[in-house]
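Read from first to last, the chains carry the letters A, B, C, D and E; within each, the first residue is number 1.
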Amino acid sequence: MSIPAALRRRTPRGTPATGRGLRLPVSACVVAAVLLAVVLVPLLVPLDEQAVDMTNKLHAPSLAHPFGTDDVGRDVLLRCVYGLRVSLLVGVVAALTATVIGTAVGAAAGAVGGRTDRMVMRAVDVFSSVPHLLLGIFIVAMFRPGVWPVVISVGLTHWLSTARIVRAELLSLRSRDFVDAAVSGGASRWRVGVRHLLPGVLPQAGLAAVLMVPHAIWHESALSFLGLGLPTHRASLGNMIQDARGTLLAGDWWPTLFPGLFLIVPTLAIASLAGVWRERINPRRRSELML
Amino acid sequence: SAPDDGGGPGGGTDALTVGVAQEPETLSPLLGYGKEGNSKIFDGLLTHDAQMHLKPALATHLPKVSKDGRTYTYDLRKGVTFSDGKPFTAKDVVYTYETILDKKTNNASKSELDAVDSVHAEGEHTVVFRLKYPYAAFAERTVLPIASKAVASKTNVNTGSYNTEPVGTGPYVLTSWRKGEKLSFKANPHYWGGKPKIKRFTVAVIEDDDVRATRLRSGDLDGAILPPNLAKTYEKDEDKRTFSAKTADYRAVTLPSDNPVTGDKAIRRALDLAVDRKAMVKSILNGAGKPAYGPLPTDSPWFAKGTERPHDLKAAEKILNDAGWKPGKDGVRRKDGERAAFTLWYFSGDKLRQDHALAYASDAKKAGIDVQVQAGSREVIRPKVKHDAMLLGNGFPADPDFDLYPTLHSSQAGNGWNNLAYYHDKTVDEQLDAARRSRDPETRKTAYTKVQRALAKNPGYTFLTTIDHVYVIDDKWRGLTTQVEPHDHGIGAGPWWNVQDWQPEK
Amino acid sequence: MTETDIPAAARPPRQRPARRALWGPAARLVGRRLLAAVPVLAAVTFGVFAVAAASPFDPVQQYAGSAGLNASQETLDQLRANLNVDGPFPQRWWNWLTSAVTGDFGDSTSLRQPVAQVITERLGWSVLLCAVGFAFAVLVGTVLGLAAARRRGGLLDRTVTSLSYTLEAAPPFWLGLLGIWLFALQFDVLPAGGLTDSGSDVVTASALLRHLALPALVLGISQVPWFLLYVRQGVGDALAEDAVRGARARGLSERTVLLGHALRSGLLPVLTLIGSRIPELITGALLVETVFSWPGIASATVEAATATDFPLLAALTTLATVAVLAGNLLSDLGYGLADPRVAMEEM
Amino acid sequence: MTPNPPALELRAVTAGYDRSAPVVREASLTVAGGEAVGLLGPSGCGKSTLAKVAALLHRPYAGTVHLGGVQARGWRHRAPRAQRTAVGVVFQQPRLAADPRLTLAALIAEPLRATGRKTEALTRTGELAGSVGLGTDLLGRRPHEVSDGQLQRACLARALALRPRVLVCDEMTAMLDASTTAALVAVVEEYRELTGAALLAVGHDRTLLERWCDRTVDMPGIALPARAPAPGPNR
Amino acid sequence: MSQGTDAPEPLLSVRDLSVRFGMRGGREIAAVTDVSLEVAHGECLALVGESGCGKSVLASALLGLLPGNARVGGSALLSGPRPGETTDLLAADEATLARTVRGRRVGLVPQSPAAHLTPVRTVRSHLAETVRELTGAKGRALATATAAAARRAAFPADHLDRYPHQLSGGLAQRAATALALVGEAPLLLADEPTTGLDRDLVERTVDELRGHADAGRGLLIITHDLAAAERIADRVAVMYAGRVVELAEGRGFFGAPGPRHPYARGLLDALPERAFRPIPGMPPELGDLPAGCAFAPRCARADATCATVPALSGTVACHHPVPAPEPAGHGLRPEGSRT
C-alpha cells in the first residue's frame, strides 16, 4: 500500500497538456529545415535569382513556379530562399551583436556600480539620442553597401535598451542576500556578475535577442531603401516584401505572402526555441506553481 | 471617408482634393517653384495651353523678338493685382528675374536662364530681356512665375516667409500649408482670368503610392497620381476616370565614352538593338508609355521619323561578331582580352528605374554582354558615371533644346548631371548649336532631325521608354485634359493643370 | 583589546517613521541628471555634426533636389558657397552652439525656413501622436502581457506571443497600409490620413480625434510587442515566485494576486523599457507620419538627415536627446520608486 | 599587544541603514581565537546587522572591525579576498541566501570555485555535504526543491568550505528540529576542534546558546528590556 | 486509525494523503506517504519531525499550493462551509480553493516568511490589502484593522512602512503571522511560526495562536520548537520520512510517559536542555526509501521485522515501540544536563 493507487496530477491551470510537447520538435524542425535550405539550395539550384523575365510576369503559383513569379518575372520561391539567407544572416548576427554588447555593457555597469556605472549610462544616453537612422547611415557609409555593414549598423544601434534593462535588473539583484553570500565566499566582482547576477537577467536579454531578429530584418530593408543597405534588387526578405507592396494592392498576393511567411515562420520557430530555453534556465521551470 | 463638418471631397463639384507624391520644398518662384509654368498661385509672362503651345498670361501677347534674336520685349497686362491687392507691374518682373539670377539666391535651376544678360523695365508695363547669345527657346523660359516685389523683397529670399506664404497673381490663393500633410488653396476672386469655378483646391501630400491609392479608394481624395499597375485597378470603376498624360519623361541608360566597353560603337549599337523596348512598356509600365529612341518622344513634332529601331537580337549579335566581340566561355563576349561587361547604376528606392535596369541587364545578357546592376544614392553614383553606366530619367516637353543640348552637346559633358555619357559627336554638336541660334522652325527641325539620325548611328545612350504619368480622378468634371508633362511634375501637373478653367458636370 | 562586549548605548526610541525617504533622493537624482544633461547634449550635437559631416550625403545635391540634375556645375558650386556647407565641422558646431545658446537656432537650408519655425509648426503634432501611441502601447502591452502570462501556453498566450513576433517583423508602413485598408476602406469608420478632412483647414477637437486614431493605433501597435513580451516574461517569472505563492495562500483574489503582486514585481523591466524605447518610438513615428501624412516633425527629420541640414539636424537631435534623457530619467525614477531594493542614488 | 590577537573584534561599531537612525550604536564585541560566543537579543535589535558587519558585508558608519588583529579597511568587494573569506557566514534565511539557479552541490562548491580551487571543489563537495547530512540525491536539486532545513544544511556546508577562521552563524538552527540542530552544532564543533576557529553564534534560544557557546552576550533592544547579562560560559 | 465514528465531526480529516514529486529522469520523491490525521474544532495539533520529512509539503498540499511536478493522493476533508458539509481540499478545483478556502477557511503562516512577501510592497500594504480582501473593510476602518492585525502578531507599528528586505528575520516572521491571522480562518496552518523570535515573542505568538484555537478553531502547528509545541499542543503528530509515525496526546508526549516511537524519543533527547545528542545516522533520502521502516537504519531497536513498513496502530507506527505503560524513570523528566 505504499504507493497510492491514484495520484492526481494537478495540471497548471490553463495549460493544455497537449501542444506543449509539440512545440519544441516542430520549432526545431522548422529551424533545421531553414538552415538546410539556406545552405543547400543555392548550391543545388544554380539559377540566377536576379534574372528578370518580362514574359513571365506575375504568374500565379503553379508547378513550374510553386510560389509564382513577381512583377518582373522572377521566381518567388528562389528569391525567398536567397532572401532568407541574407535576411537570416542579418537578423541573427545583428541581434546577437546587439544582445551581446547590450548585456555586456549593462552587466558591467550594473555589477560594478558607482561612478563607472554612471559614466557608462550617460554614454548610453548619448548613443540612444543620436537618431538610429543617422547612426546607421554613418556606419554603412564608412563601408561599401553590403550585408556586413548593415549587420554592424543594426547591431551597433540596437544594444541600448538591452543594456538598460540588464543594468536595472542587476541593480535590483545586487542587494540580495545570495549575493552577499557569494561575496563572503570570496567571489570577485566579475564572478558575482557572471555567475550570480547575469543568469538572472538572461531571460530578459534572450527575449531582446529574439525580438531583434525580425526587427533587424526590416531594418535592413529600410536601409536598403535609403540606398545604404543591400541594393533593392538583391533578394532579401525585407526587400521583397517592400517591393511587392504595389502588387498586393493590385490583387496579386503571392509576391508578398511567401516572403512574409518566410520571415515569420522562422522567427516564430526561433522565438519558440528561445522560449523553451528561457523556461529551462528558469530555476522554477519544472515545478512552476500550478496555479 | 467618414461624414464631416468640412466640405470634404466626394460631395460638391466646387472643391477638388488631389493626392501627390512630393511636396514642394518652397512655394517661392525665386527658388524655383513653378518654373515649368503651372503654379496655381502665380502666373508667368507666358503660359502653355493644352497642346503645350505658348500663350500670353501676364504679358498681353507673345514677345517681340529683335532680329538678332537677342532682345525679347514683353508688354504686360494692365489692372492685374496680387492677391494682397497690390498692383502687378514691370518692377515685379524685373525683380523676379534679377533675384533668381543673383548669385546669393539659392536657386538650383538658375542655369536655365543662363542666356539672360539683363532684364529691365520700360515704364510700368513693358519688360525687355537682353540675351548673351541668340537663344530660340528663350520664350519657353518666360513661363516662370512672377513674385511680388513688395512682399518678397522684404524677406530673406532663401529662408524667409515668402517660401511658405506666397503672394501671387494666380487663380488660387494659398490658405494653409501644413507641411507633410497638405496645401490648401482657395479661388482668387480677383483673378484677372475670371474667378475659378472650383472654389477650393487641396493638394494632399502622400508619399507612398499604395497609401495614395487606398486613400483615393476610400474617397478621401478626388484624384491622384498613381503607378500604372495600381491605376489599372480603377479601370472598371464607373465613377473614376484614368488619364495617361503623355510626357517627355524618358528613361535611358548612359553609355560613357570613356569606358572601353560602353565607348565602343559596336556595343552601343548592339545594345540598342538587343533591348526589347516593347516588352518593357508592356510589363514594367503596364502599357502606360511607349518605346523611346531618343530624348524626344516619338509623338513629338520634333521627332525624326524613321529613327525607330526594332528589337532585333540577331542583328545585334551580328554587329558584335563583325566587330570582333566573340562569345567567351562564360557566355560573355570578349575582344582583345576585354570582357563585354560593365556596371549599371540606378538610384536606390526608385522602383521604376530598378526594373528598367534589371530588364536591360537581362536583354544585354542575351546578346552576350554582362551588365551588373548596382544601386546607390546620388552621392555614390555621381563620381562613378564617368566610367559606369547609369539609368537616367529626364525630359522637357517645351522645346527640344531643353533636352537635347544638355544631354548630347559635348560642351556639357560632365557638367553637373548633364551629358552623363560624356557623349561627343561632331555632327550632333554642330547641329545643336545651329538649332539653338536659328528661330526658323524649319531650320531647327532639320537640324534636330540630323541630330537624331546621328544619335541613332552612334547611340551613346540606350533610350528605353517614354513613360506616361497616370492619374485617376473622379468623373465629375467636364473637359478634363492633360498636358504633355516634363520629367519633373509638381502639383500643377496632371488633369488639374487647368483646374481654374474646369466646369462642373451639370 | 576591549573587554567590554556589545552594549554601548540603548537605542533611542524612533521618532521618525521608518518610511523610505524618497523625495530627497529623487530630487537629487533629477538634479544630477540635469547636470549630466549638459555634457550629454553637447556630446550628442557634436556627434551629429561629426556624423553628418562624414555621411555620404551632399547637402548641395540634396538642396538642389531634382533641379540639381539639370543644373550646371557653376550653379552647383555657387550653391555650395551660398549654403556655407563647407568648413571644418567642429567650427560649424561651435558656431551653432554659441548661437543656439542665445536662442537662435539658425535657418534650415532644406526647408527654406528658420529652424525655430519648422519646429514650432510641427513639434506639437508629433508629440501628440507619440504620446497617444505610446500610452496605447504600454497599456495594451501590459494588459495582454498579463493575460498571456496568466495562462502560459494557453490559447491566448500562444496567439498574442505569435502575433507579437509577427508584428515585430512587420514594418510600420505595412501596418499603416493594413490599418487604412481595414478602417478607412472596409469599415469606413476612420479617415485615412491628414490632420483634418481634406476640404477643411480648421483643426477641431472631434476631427482631430478621428484623424489621430489610426496613426496612433498603428504607432502604438508597432510598439506593443516589446511591452507585451516583457510583461509576459516578467509576470510569468513572478508568478512562480514564493511571493505570489504567499499572496495566494492569503486568499487574495486572482485579480489582486496578478495586479498587486505578480505585475508589481514583473513590471520592473518594463519600466526601464519605457525609457529606452523612446528612440524606437521616434523612428516608428517617422514612418507612421509619412504614411498618414501627419504634419509632424518626422518628414523634416528624414529630410534633415539626408540633406545634412546641419542647423535643423542639430536642433532635432537636441529635441530627441531631451526626449530620450527625460524618458530615461522618468523610467529610472519609476524604477527607483517601484523597486525598493534599488537605491535611488544608484540609478 | 597581546601575542594572540582576537580572531574577531568589533570596536565601537555603529551601523544601520539610515545614518540618522543607526540600528547598532557603538557596539563592541570580541571573540578570541577558538572561542565560541553566543549573541542574544530581542528580535530586530540588530544582531544580523552586526553579523554582516563582522563578515565585512555591511559597511558600518563608524567603528572598526579587526580580524586576527588586522583592521579591515574595505567592505564587500573592497575587502581583500583573504579577509573576506576568513569569515564564514551562515545567513538567517536560507531561502534568500541561496542562489536559486544553483544546485545544492554547486552552492556548496561555489566558494571553492570562486577562489579558483576547482579540483578541490570536486572532492570537497561530497565530503562537506556528507558532514552536514545531505545525501547525493539532494545535491542535484535546486533550492526550491528542498526543504528549508535541508537548504540550511547546504548553507552551513558552504560556509565551511573555505575553512574560515571565524564562523558567523546567524540563527543557523532557527528552523531546524532538535536532532538536526544537535547534529549541525556537532558539525560546527567538530570543525572548530579541528581548526581552532572562533564562532559567533547569533540566536534567540538562550538554552541552546548557553549550552553551545563559551559565553553569551546580550544585545539591548527597544521593544523589550534587556535581560541581565549572561552568567558566563557554562562549560 | 479513527477517533470513533460517534465523535463530533472533526474540522479537518486527512486520509491517506500522499505527495510525490516527479523529478528529472523519472525519479519520484515520496515527500508525504499515507498520512492520516484529524484536527478537531478548538484543537491544536503539533506536527514535528526531522527537517525534510515532509511537513511543509503536507501543509502546502492542504492548500493546493504544491508545485507543478507534484502529484497528490488521498483526501483531506475540511468541514464546512455549511454545517454538515465537507470540502475535499485535495479534490477541490483551483477556483474554489482561491475564492473560498485559502485565507478564509484555511490560513497559512509560511516557512521562510520573508520570501513569501512581495519584495516591492510594504508590510502595511500587504496587511491592508489582505484585510480589505478578506473582511471588506474600507477607509478608516481599514487603517485601524490593519494596525490591529499588526498588533496581534506583535509587529511594531513603526515598521509597517518597511519593505520585506528591510525586515529582520523575526520581523518578517511576525508580519507573516499577522497576515495569516487576518482571515480568522477556522483552520490555521502555521509552519514554523516562531523562528527568529526571542523567547518573549515566542510566548506571545504561541499564546495568540492558542487563543485562536481556543475560540473553537483548529490549529495545525508545524514546529521544531518543542518548548513551544509543549505549551500549545493538544496532540502531537510525529513525522518521519513522509509518514506519521506517532500520534500522541501532548501532555503525555512531552511529559510522562514520553513518546513511544524510538525516533520521537531521539528527537526529544536531542534538545539542548536534554542530551543535546543528535540521532545517529543520516536522514533518509525520500527519493530512495528503504523497503521497510524508514527509521530502521538509524534505530537501535531495529531487527528483521523492521523490513516491513509498520502500520500506525494505536498511537505509534513501530514494530518495537517503547512499551506504553512502563512506569518510572524513562523520559518522565527531562534527562537534564547529561554530565
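In this section, a contact is a pair of C-beta atoms (placed from the backbone, for glycine too) under 8 Å apart; a residue touches a chain by one contact, two chains touch by 3 or more.
Going by UniProt, the chains are D = ATP-binding cassette domain-containing protein.
No experiment lies behind these values; they were computed from the predicted model shown.
*Asks:* For chain A and chain E, which third chains touch each of them?
*Replies:* The shared contacts of chain A and chain E, listed by label, come to C, D.
*Asks:* How short can a path of touching chains from chain B to chain E be, counted in steps?
*Replies:* Counted as steps through touching chains, the separation is 2.
*Asks:* If I rank A-B and B-C by number of C-beta contact pairs, which comes first?
*Replies:* B-C
*Asks:* Provide the C-alpha centroid distance between chain B and chain C, rounded to the nearest whole angstrom.
*Replies:* Using C-alpha averages as centres, the distance is 41 Å.
*Asks:* Could you work out how far the Cα centre of chain A sits from that of chain D, in whole Å?
*Replies:* Result: the chain centres lie 46 Å from each other.
*Asks:* Taking each chain's centre as the mean position of its Cα atoms, how many Å separate chain D from chain E?
*Replies:* Computed from C-alpha means, the inter-chain centre distance equals 28 Å.
*Asks:* Rounded to the nearest whole Å, what is the centre-to-centre distance of chain A and chain C, using the mean of the C-alpha atoms as each centre?
*Replies:* Distance between chain centres, rounded to whole Å: 21 Å.
*Asks:* Residues touching two or more other chains, restricted to chain E: which are they?
*Replies:* Within chain E, residues 21, 23, 65, 67, 98, 112, 115, 159, 165-166 contact more than one other chain.
*Asks:* On chain A, where are the residues touching two or more other chains?
*Replies:* Expected reply: 12-13, 175-176, 226, 228, 245, 284, 286-289, 291.
*Asks:* Which chain C residues reach two or more other chains?
*Replies:* Residues 14, 18, 56-57, 177, 242, 244-245, 248, 268, 339, 341.
*Asks:* State the interface residues of chain C toward chain A in the complex, per the touch definition above.
*Replies:* 36, 39-40, 43-44, 47-48, 51-52, 54-57, 150-155, 158, 161-162, 165-166, 168-171, 174, 177, 225-226, 229-230, 233-234, 237, 239-241, 244-245, 248, 268-269, 271-273, 275-280, 282-283, 286, 301-302, 305-306, 313, 316-317, 320-321, 324-325, 328, 332, 335, 339, 341-342, 346-347
*Asks:* Can you list the chain C residues touching chain B in their complex?
*Replies:* Its residues touching chain B are 56-58, 61, 63-76, 78-79, 82-83, 107-114, 121-122, 173, 176-177, 180-181, 184-185, 188-202, 204, 207, 210, 289-296, 298-300.
*Asks:* Hey, which residues of chain D end up touching chain A in the complex?
*Replies:* Residues of chain D touching chain A: 52, 55-57, 76-77, 81, 84-85, 87-89, 91, 93, 96-101, 110-111, 114-115, 142-145, 155, 158, 161-162.
*Asks:* Looking at the complex, which residues from chain E come into contact with chain D?
*Replies:* The touching residues are 21, 23, 48-52, 55-57, 67, 111-112, 114-115, 154, 156, 159, 166-174, 192, 195-202, 224, 226, 266-268, 270-273, 276-279, 282-283, 285-288, 337.
*Asks:* Spell out the part of chain A that touches chain B in their complex, as residue ranges.
*Replies:* Touch list, chain A to chain B: 50-55, 57, 71-73, 145, 224-228, 231-233, 243, 245-251.
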